[in-house]
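Dropping the structure in here first, questions after.
For reference, chains read A, B, C, D and E in written order, and residue numbers begin at 1 within each chain.
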């Protein structure tokens, strides 16, 4: 046995023995009921926010301001990353290898399924678990899958460029901010929900601003991570030429 | 039995966090530091969710279906929504910050030709001294 | 309840093993794959703790986007740590 | 209705209690191959099998907790489990992922 | 009556799938080389994941006491279909990469694929 395996066995035995000693000596009780604050949120979410989903209600209504500022942090981090690795050269790749035709066909089916499920998760976020964050990350995975299987150049040929993605992202963030600020014109506080937005539209429950927030957050997260994927997949030769040309 | 698994949960999460802190501090490769950093943040997210979990048989997510008499059932058997809501944004923000760090690591490799933290600093210092 | 407790124990041990090998591995591509295994075992913990929102977000971010990001970083830098 | 479901002793728990140890034993054996595997394809193959195994497992837990809201995570896990395969293969073949 | 039949058929599929999964994992652990292990991995993926997922959807159809049991049944069936597409594709891509990059050491008597590609 190598030293790593012996270290792992020592670690496992140590962990189990520490847990056993603590359990025998102190005999702690596992928690059996939710704390009072959690019970408040569970009991009042349908009345306060008119959303059956307590988590989305907390994310976008009870603590909505918090989430909007975190979205700004997300925007800053992605813009900072893209600013570090920017290039002035136009990217065009001559060789396109891609993967085998079996992988291409399968990926076409899977990408369609991922896009469908991402939209379903994002637009149903106020009724079932899900929302803008998981849906947006799921949609970004389609771009992440297309890049190695069909190559970066095929995406660029289809018109999916990083400048356009960043534009979509900026528009989505602006819309998110507008949804947050719009109640001010009627003299209400920013990020108010049910006093300004209707809870039902055409007989369907949209839980006020929750549906809008989920939609715009979905677009913002998806386009941001897709832009990161496109920047990461630019071959290293482009940057090497840029550094050489600059000197 | 529940108590033992609860203690084991806490001990294993603590050991995971210690292992990843070892990776962040003592490993010299910047990519290994990045991997350890994500493992640390994931461990912290799981331990936050553990705060809101209750050790009962049917535990359900805090979502209403529309069945009669459901509110008492959810109050009795639902998990705590507050830690879940706090972690939900944190995961995505964590990925964005890690992407920023990844771009930084790639840029360091382009400038110095290495991802070893100490050697990269040495290369940069030598370049400054030559000028 | 007993099924939940068994699942917790096995998933915790799996996560500990994967994290130990991810931290001590010299080949960074192997470390990235072990990190993906750790993500899967944490995802089953989160799902069993009745947090499907978090499990979905975590699966999308950590199993999907994060492993792709790591392979990108490794392909643009070097594969072995000395 | 829910209270009636809770109080009756159902055969579902019995089936799951027989079935789950098999899957967990398989998961442990897969992870042994994952940590022992000499080359990268071996490790990725073992992690893939572990993920397929756990996709079954997540569905079984949704059935065990008797809630319809926990069915989306196994679908998502199954959808992009093979992303790591594609990235690692592309890296092994061409060293550069985007071309 | 039909519910009982569905429930017990699904349970049988679930437990048989567990046995197949265990067999596949033993094969993955015991077989000597990567290309042989692909065979065991296929057993673990198709018989050990697709079959029990169909079993779970049958169990959910056969137990009407669970709220939203049709959702569980449909989602499990969709997961089974997705795995049926994804698992062979992942193995194919991995085997292709292993053969192209020669990162797996093996001593075949004859390598037809390499001979074909050299032509």
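Here, a contact is a pair of C-beta atoms (placed from the backbone, for glycine too) under 8 Å apart; a residue touches a chain by one contact, two chains touch by 3 or more.
Predicted model only: the values in this text are computed from it and were never measured.
Enquirer: Which chains make contact with chain B and with chain D at once?
Expert: Under the touch definition, chain B and chain D have A, C, E as mutual neighbours.
Enquirer: Which chains are in contact with both chain A and chain E?
Expert: The common neighbours are B, D.
Enquirer: Using CA atoms only, can you tell me which chain is the most central one in this structure?
Expert: Nearest to the common C-alpha centre lies chain C.
Enquirer: Ranking chain pairs by contacts, what comes out on top?
Expert: After counting contacts between each pair of chains, the winner is D-E.
Enquirer: For chain B and chain C, let me know how many angstrom lie between their CA-based centres, rounded off.
Expert: Computed value for the inter-centroid distance: 10 Å.
Enquirer: I'd like the Å distance between the centres of chain B and chain E, where a centre is the mean of that chain's Cα atoms.
Expert: That gives a centre separation of 30 Å.
Enquirer: Between chain A and chain C, what distance separates the C-alpha centroids? Give it in angstrom.
Expert: Inter-chain centre distance comes to 18 Å.
Enquirer: Hunt down the residues of chain D that sit against at least two other chains at once, touch-wise.
Expert: 1-2, 20, 27, 40, 44, 65-70, 72, 75-76, 79-83, 86-90, 96-97
Enquirer: Among the residues of chain B, which ones contact at least 2 other chains?
Expert: 2, 5, 8, 12, 15, 52-53, 55-56, 59-61, 63, 65, 67, 78-79, 84, 88, 91-92, 95, 99, 102, 106
Enquirer: For chain C, what residues touch not just one other chain but two or more?
Expert: Residue numbers touching two or more other chains: 2, 4, 13, 16-17, 20-21, 50, 52-53, 56-57, 60-61, 64-65, 68-69, 72, 74, 76.
Enquirer: Show me, using the given definition of touch, all chain pairs that touch one another.
Expert: A-B, A-C, A-D, A-E, B-C, B-D, B-E, C-D, D-E
Enquirer: Which bits of chain E are touching chain A when the two form their complex?
Expert: Interface residues on chain E, with respect to chain A: 82, 85-86, 89, 92-93, 96.
Enquirer: Which stretch or stretches of chain D touch chain A in the complex?
Expert: Contact set of chain D toward chain A: 69-70, 72, 75-76, 79-80, 82-83, 86-87, 89-90, 94, 96-99.
Enquirer: Which residues of chain E touch chain B once you look at their complex with the stated criterion?
Expert: 67-68
Enquirer: Show me the residue ranges of chain D that touch chain E in the complex, using the header's touch definition.
Expert: Chain D residues touching chain E: 1-2, 4-5, 8, 10-12, 15, 18-20, 22-23, 25-27, 29-30, 32-33, 39-42, 44-46, 48-49, 52-53, 55-56, 59-60, 62-63, 66-69, 71-72, 74-75, 78-79, 81-82, 85-86, 88-90, 92-93.
Enquirer: In their complex, what parts of chain C are in touch with chain A?
Expert: 13, 16-17, 20-21, 24, 52-53, 56-57, 60-61, 64-65, 68-69, 72, 76
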